[in-house]
Amino acid sequence: MSRIGVFICHCGENIGSVVDCPRLAATLREHPGVAYAADYRYMCSDPGQSLIKKAIEEHKLTGVVVAACSPRMHEPTFRNACAEKGLNPYLCEMANVREHCSWVHVDKEEATQKAIQLTRMMVEKVKNDEPLRPIRVPITKRALVIGGGIAGIQAALDIANAGHEVLLVERLPSIGGHMAQLSETFPTLDCSQCIMTPRMVEVARSPRIKLLTYSEVESVDGYIGNFKVKIRQKARSVDMAKCTGCGSCWQKCPSRKIPNEFDAGLLVPDPDDPKKTLGYRTAIYIPFPQAVPNKPVIDREHCLHYQKGKCGVCAKVCPTGAVDYAQEDVVVEEKVGSVVVATGYQVWSVGKAAKDYPYIGYGEYGYGTHPNILDGLQFERLLSASGPTGGRVLRPSDGKAPETVVFLSCVGSRDNEKGFTYCSKICCMYLAKHAMLFQHKVHGHGQSFNFYMDIRAGGKSYDEFTRRTIEEDGCVYLRGRVSRIYPRGDKLVVQGADTLSNAQVEIEADLVVLATAMIAQSDAEALARKLKIPYDKDRFFSEAHPKLRPVESQTAGVYLAGACQGPKDIPEAVASASAAASKVCALFSASELEREPVVASVHRAAPPVFSICYGCFFCERVCPYGAIEHEEFRDRKTGALIKTVAKVNEGLCAGCGLCAASCRANAVTLKGFNDEQLFAVVSALDED
Amino acid sequence: MKLGYYPGCALKAHATSLEYGIATDAALKSLGVELSEIPDWNCCGASAAHMTNLDLTRALNVRNLAIAEAAGYTDLLAPCPLCAKELCLANHEVKEDPKALAKAQEAAEMVYRGTVRPITLIQFLYEQRELVQRKITRKLPGIKVCCYYGCLHTRPKEAMGFDDTEQPVTLDQLCQILGLEPLEWSHKVECCGAGFTMSRSDIVARLTGRILAAAQLAGAEAIVVACPMCHANLDMRQGEAAADAGLGKDFQMPIIYLAQALGLALGLTPEQLSLGTHFVDTSAFVQRLGGEPQPAAAARAAEEK
Amino acid sequence: MSQPESTFEPRITAFVCTWCTYAGADLAGTSRLKYASNVRVIRVPCTGRVDPLFIIKAFERGADGVLISGCHPGDCHYTAGNYYARRRWIVFRDLLLYLGIEPERLQFSWVSAAEGGKWADLVNDVTTRLRTLGPFEGYRALIGASQGPIG
């Protein structure tokens, strides 16, 4: 006989001001099978939970329904409370009368009627619930970190220092990401590479971190604690064991006219040698001098040996014979217990049809065709001592030093028309930095301007930094947008507005820097599908809860670190990486993982029936996890095969229920959402 | 080929740009296109209506479109882009909003089923560029020109739906087919001041001055346009523009209609294309063709004095 | 408006998946969007769990319309559950017709966890459409005659 307790939460005013909670309690009290019903202001609070526990004891409840917020919010809270009093937690359900009712309806009578029905539905479900025990699975105490930028590096180091093994996968030949491309970082003007390279080296030296560079994740299968990943190690054409990083190969490589990706497409005529252009690399190359690992890779698309069957100089000059033209990609399979995604961002290109994105660039700024209109990352390379010009600020059109530089904020960000609606967060700060560094480098022989909409400088010492740029370094800040940039002779005319003095402004610039939007990687969607994690409209990966769970994805065991989750600066990326690492360590701190027992199960009975399953294995075909196995029933005396039926592997089953819905014999049930429960819920709607 | 034709007040009725109407008629006839003016067309509202009453503007244009539909045309050529924009925008709006259509139909006292496509001259010729290629008899000898699209050919994007709004290329490509040499320049789509020519001619002088200066800097011998408003502003005020810019001498930049360039390439004479009626003397341009010079209207007027 | 033309308010049963649509509906709630109160949500782990019989039962037990909503193609938390659900309905449609249930009363849609607005619009659209379609009489009258009370 059912003795169900119904507990209605007012949630302060959130539910109570729209739904008539006392009436809801009174109505449910009369519902068949309900032994106790009460309403209270905050069910999730300690006194609220005590109310439930007391009622379980006093009224000998066989099930509990809490009509309150979404089960995605507090189902674990109430289930734990029930478990403490000996009531199996899976006999506790929640009716969502807040997110799905009081918060979205205005008419109180309608909302109350709906709340009554929703609560009744869950009472009927609980009547058909059965107690379930959690499944225990072992945890592989190894973490996979995808992406070797500052976030990935931080996460890998934190997890390794906590005593666990880490597999760090990076698709470029070296770790370091975008931070390695920066000259100096705000607000301290620390040299980016100087603060980062010790960390990079630490990663390389750590005995617990296995570093796979020039590699990409091909597939991820399994579930939290038990992932199986396939990683493709792309062929470097260099034997890493033999190579010493001496550099003889790239010094002798004859293919010297390949734009260096690390310099973000920046090419500048050498001011000291009119025939030379700076910003190229060779076909066998390391991306930058401090690369980790400090061993080269051959760019097969530009290498004479692969393209034309000629050359072969690098193999000849290599003292250890490390060049291996026959090397092929290798796909390895690894087992890990959790995944940290730290794949970072890219800078939006303002070219006509930005690669892989449907957004068309800024025609009023020339669609990226003019060499003296740069994006933020390119200007960073110009400023950088390790950049193509050695840190001299020169114009890409003619190699001359610019006197007037104009910076534009918000190119593509905060734009509903042709860009992205969000704010990219870092641009106000890095433009201030760029202006400051430019003014320092030109020692008074130059003037910078910054067209801005707002100045977003919220971090520690950030506002002081931007004020220095304006007050001490003399950058002229103009509050207004630029409507057009066009060439006139060898200058660029920048037409904009200064709204604070209500004037149109026209500046003849030598160089223009656009702060283009910080956007998700081109293959973010593909990676999200491999990991089965959701992403938002801008292809940033979605966190489990925007306020309280910023580093967990919605898939258990997969965590998010850095800018792949949304625009952020370096301190925030580092913080989120450490946070993700702490989640991984918490996971690894248990010896076993308890899995939710919402799994499928195939009917079993005594011989001679064994099971009403007749072995069609349609369930096997639809199962996305390969969790259906074959079980044979044999005659005990003769060993002859009687029948082969389906069996669910509870470790692999994820609880989707496709098998249950597909089984023609109705032999498969999904615990927690079986047919009886769902029919009961649907039938409960008839009452009014 | 028969094409529905909406000349508008500039090309016919008030004929404020009579030379454009004459040139368009002559050139398209020579191309083998029969322009069939739709009957009883009314004003498109581009001057006063579109700024004062949107419902009226929509109704005016739905009526024009309904007339074209009833006459059996699917394409309606409107060589003046101001008219074309009003027709295209009304067409777009009534397709999106059935209530707006109902209101416009009621005011126009006609039914419109949405089957007509209004297009500009550039768009029409671009779509027919193979025909143009075949029909030209004399390739214009590589005269350097700057193609000026003005503000309306490609904007508003949802209504016009043609070419790129900031860096369009279709007029340049057409000029190339005709044998001209279109130059890269910075003011393809910059505003000339449009209707302010009546109320604030100083603004027009400044804005056209910039356009003319940019064309001059690029090395143009002429500016090619496809809009009577652009033509009027660029052609009529070159003296004022030069004065405003503080230049010692006048620009003397011939402003040529696309229709005129097309006509010349099809073998028509400058007289047939009304090249002698511009404010700025076009004889330098005509001479480059290898033909005889035409005294400009202003020069003629000066002679008569 | 002098008086309402009809007071018919359709009852809609919605089967939604935990990971996408249920979360999207929660987001509509946290965003305080307002929509019609005619829908009753039944949570399932995946739309692939929804058995055709649940739908028939829903119609039999008072629903004027049924809505099934899951993750966008390619984004199913369980990889392909939503595809199977969708394919099932294409086959199921004929059965619905045979049973005398207009297929317009059954709607399939994709709502992701970030689409609170889309959920609200969906509920409003389905409610408006069903108001026009009218109450589902179907074979309910027949079954109703032999149905006992719920216990």
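List of remarks:
Labels for the chains are A, B and C, by order of writing; each one numbers its residues from 1.
Here is the rule we use: a residue touches a chain if its C-beta (ideal position, glycine included) is under 8 Å from a C-beta of that chain, and two chains touch if they have at least 3 such contacts.
This is a predicted model, so every value here is computed, not measured.
Taken as a graph of touching chains, this assembly forms an open line, each chain in contact only with its neighbours along the path. Contact tally for A-B versus A-C: the pair with more C-beta pairs in contact is A-C. Spacing of subunit B relative to subunit C, judged by their CA centroids, is 55 angstrom.
Taking each chain's centre as the average of its CA atoms, subunit A and subunit B sit 52 Å apart. Note: centroid distance subunit A to subunit C, computed from Cα atoms, is 32 Å.
In the complex of the two chains, the subunit A residues touching subunit B come out as 362-364, 366-367, 484, 486-489, 493. Here subunit B touches subunit A in the complex through residues 164-167, 186-187, 190, 214, 217, going by the rule given at the top. Taken in their complex, subunit C has these residues touching subunit A: 11, 13, 18-20, 22-23, 25-26, 28-30, 32-35, 37, 40-46, 48-51, 53-54, 57-58, 61-63, 74-75, 77-81, 84-85, 88, 112-114, 120, 150-151.
For subunit A in complex with subunit C, the residues that touch the partner chain are 32, 70-72, 96, 98-101, 103-107, 110-111, 113-114, 117-118, 121, 528-529, 532, 534, 536-537, 542, 554-555, 598, 622, 624-625, 654-658, 660-662, 670, 673, 675, 678-679, 681-687.
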